[in-house]
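A, B, C and D label the chains in the order they appear, each numbered from 1.
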Amino acid sequence: MDKRSANAAEAISAIEDGAVVMIGGFGGSGAPIELIHALIDKRPRNLTVINNNAGNGRIGIAAMIDAGMVAKMICSFPKSSDPRAFTEKYLAGEIALELVPQGTLAERIRAGGAGIPAFYTPTAYGTELAEGKPIAEFDGRPYVQERWLKADFAIIKADSGDTHGNLTYNKAARNFNPLMCMAAARTIVQVSRLVEAGGIDPEHVVTPGIFVDRLVQVPNPQQEEAMIRAGMQYEGGIYP
Amino acid sequence: MSSALPTMTEDAKLSSAQMAWRAAQDIRDGAYVNLGIGFPEMVARYQPPGRQAIFHTENGILDFGDAPEPGKEDWDLINAGKKAVTLKPGAAFFHHADSFAMVRGGHLDVAILGALQVSEHGDLANWRVGSKGVPAVGGAMDLVHGAKQVCVITEHVTKTGEPKLVEKCTFPLTGVACITRIYTSFAVIDITAGRFVLREKLPGMSMEQLQAQTGAKLHIEEPVGDLVTPAL
Amino acid sequence: MDKRSANAAEAISAIEDGAVVMIGGFGGSGAPIELIHALIDKRPRNLTVINNNAGNGRIGIAAMIDAGMVAKMICSFPKSSDPRAFTEKYLAGEIALELVPQGTLAERIRAGGAGIPAFYTPTAYGTELAEGKPIAEFDGRPYVQERWLKADFAIIKADSGDTHGNLTYNKAARNFNPLMCMAAARTIVQVSRLVEAGGIDPEHVVTPGIFVDRLVQVPNPQQEEAMIRAGMQYEGGIYP
Amino acid sequence: MSSALPTMTEDAKLSSAQMAWRAAQDIRDGAYVNLGIGFPEMVARYQPPGRQAIFHTENGILDFGDAPEPGKEDWDLINAGKKAVTLKPGAAFFHHADSFAMVRGGHLDVAILGALQVSEHGDLANWRVGSKGVPAVGGAMDLVHGAKQVCVITEHVTKTGEPKLVEKCTFPLTGVACITRIYTSFAVIDITAGRFVLREKLPGMSMEQLQAQTGAKLHIEEPVGDLVTPAL
């Protein structure tokens, strides 16, 4: 049992055109920047990307969109300090958007991972985001039926990982990452520290290894928000 | 409604900080609170001495504190507004599904949100002005369900003087029948049984003046208090 | 913010006749024995108890049943090494049973805590445990609709707890405890170690304090399985 | 079916250990496996050298190991059968909802369960003989859904010689159309398109003898292998 990949390029090598890809992170925290940029180097197209946001600046998901790789975004908040990449394509009708309330997005992903094909939530009842969805009443209150979300791949940033795929995260960079690990057919993780099995206390594991397929160590990962503030942009793996 | 009444002077309304102060007075010690992104975040600054609310942020932290000193930011330690925060003793991290279980499951005592419009039935519109541009909803539609009390903090009227408290929202809805209290720049208003019930108003403002700037009828159930705050 | 109670009796004092009570634990691990025995001393009646099992031997939930406090059990496996207490009352028609598959029980409790009034699961489709429940097809496969489970109280055993109610657990004694903390209107916890706020690493918190109402320190708690094997029985707070 | 054929001698079937050995040969290195309480747990003993499966237990452990020495038990470290276990390096603890997310969400590679009856459609009955006594289901109804492969390990016939592989289960069902492979004391049988397809049988047993002790038709799609195991 050893889920290590030699490098980011090898780790993401199975992601092909048309794949549905969950990408961890919320705003500038928890985004697997190195895996995303390795994916841009490979450049599969016509992807559906699931993330809370829709990219920021000229790196990460925004750089994927600029590279013409993304056909559809499923997200709750496609705005950021510099949302140009998504906004331009969206207003030009070149990228599709499925807008999902944030808690419903999280729960749909968790449901995908937990084998729950549908659930009811009060969220969005009576709003345009519930249009066309089944409504049911429980105990006299109306709820909206929502479906699970699954993906072909998840690309994830964690803090420590062991060779079995057990993971911990760094502070609020946890966010959607543990859920996406559960909901993808294949989960690919970059970790800052890769340790042997037994190197993480079983009580402190946040994502059990059963939800992880491949790991690659990226010892000093880029932090998305710090990159944005430094005005960095993706140019084929080099950050000027 | 009528626009023949005298216009309020610029001074004759609460500042954003004063609205935030007023909202903060109603938060009890130990309450679990979510403050909407932007202006509602100011509420945290004005907790009365001796009270300590615990703040929740959608992206997976309970009991975060103020912003760090400039230059000391950890960008993995942010709130839902993507601002750098700090931790208080007793903080905890968790993933998004657990975070929204707290919201949807009724575990928050209070959520305080901004508003474009609030209707007398408690409907809230706060995520989108029309159908143009890029829509973005975030956690607003979740936050209006589940918290034991969902409040709005808002200017009483728009910059062009249009009422924000209305009979029926014209902007896209965030949630239906979800708001129970509104803190505005003129008044504190509860929503009970599909009616705006006035609890406090600026002492210098007459009922007629207040009603004229409100898009639905204000009801009075008990003596109306004076809305008085420190200079802030 | 200080959720400490002085002792177990005070901690459970609000539990009255007719309450629905979730009790943590799976088999012999994670059962809050001291809180249960304090509840027997108070002796509220006509309780609905939710637990994976239905008691063992002459302690804990079995002793509650013997004391005539339990009108109904909601559980997945009302058998144990010595299930006499439940079995006698059940066969005599003196206690009601709602039998729920274990994973559905866990998910219903989690749904109760997460504000999800109903969800669909493949579990129990086509069996007698799905009789009378709505069935729906998703992507060509049939699923059973299940409702959330909530309680008036949860009584829980944790390992460490801080004054804000943040909790950690000991090994497999975690089981249903974190879920039940979420699903009860009031959650009462016994902890082996009670520390000040800040005494638990925010990364290692399993149950955030928002799900906890009261804590009592029980420094050297009884372990149910060890008590069963030692032939102990409850006799008014004294273990002979 | 016909009972006129010669009865098998006591030796002419696999022991429980031999059945467990045979099932273990199909588990690949690194597979995530849940073994039903009781007899199926024996499968863990017979992993081929060089292969290391990771065992899941419903009550919230991945990668547990053998029982500790007598007297060294930690009763907070148990499996779903309430037996004391140990941990291997790389183990993890989690709560019951996450544990059954692993089950229901299709994350287990294999689940191996005991059976009262299995039908040719893959229906399983393994939780209750009739309607008397105290019913108890545990995790069985969850385990039959979600694992990529759900197998049964069972005596081919009951102690009184009744077939356990049948056209239609008469005992209360655990799950519908969920079983894909059966390891019995006589044979290895797959369930494909609502039919029992024989893969291996004891070399000393004729097709007629096997069919006579099976409650539904055995189909043959390719040469039937010899079911041969070490003496165990």
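What we mean here is this: a contact is a pair of C-beta atoms (placed from the backbone, for glycine too) under 8 Å apart; a residue touches a chain by one contact, two chains touch by 3 or more.
Keep in mind that this is a model prediction, so the values were computed, not measured.
For the pair chain A and chain C, chains touching both partners: B, D. The interface with the greater count of contacting C-beta pairs, when B-C is set against C-D, is C-D. Each chain gets one centre point, the mean of its Cα atoms, and the points for chain A and chain D are 37 Å apart. Taking each chain's centre as the average of its CA atoms, chain C and chain D sit 30 Å apart. Note on chain placement: the centre of chain B and the centre of chain D lie 58 Å apart, centres being C-alpha means. Among the residues of chain C, those touching two or more other chains are numbered 107, 110, 114-116, 121-122, 169, 171, 202-203.
Counting partner chains per residue, chain B shows two or more touched chains at residues 61, 93-94, 97, 100, 103-104, 145-146. By the definition of touch given earlier, these chain pairs are in contact: A-B, A-C, A-D, B-C, C-D.
Partner chain C is touched in their complex by these residues of chain A: 107, 111, 114-122, 136, 138-139, 141, 143, 147, 168-169, 171, 202-204.
Those residues of chain D that touch chain A in the complex are listed here as 29-30, 32, 52, 54, 56, 61-63, 87-94, 97-98, 100-108, 145-146.
Those residues of chain D that touch chain C in the shared complex are 57-61, 74-79, 82, 93-97, 99-100, 103-104, 123, 133-142, 145-146, 172-176.
Taken together, the chain A residues at the contact with chain B in this complex read 26-30, 52, 76-81, 83, 86-87, 90-91, 97, 99-107, 109-110, 121-129, 169-179, 206, 223-226. Residues 1, 110, 112-116, 162-164, 166, 182, 196-198, 200, 202-203, 205, 208-211 of chain C touch chain B in their complex.
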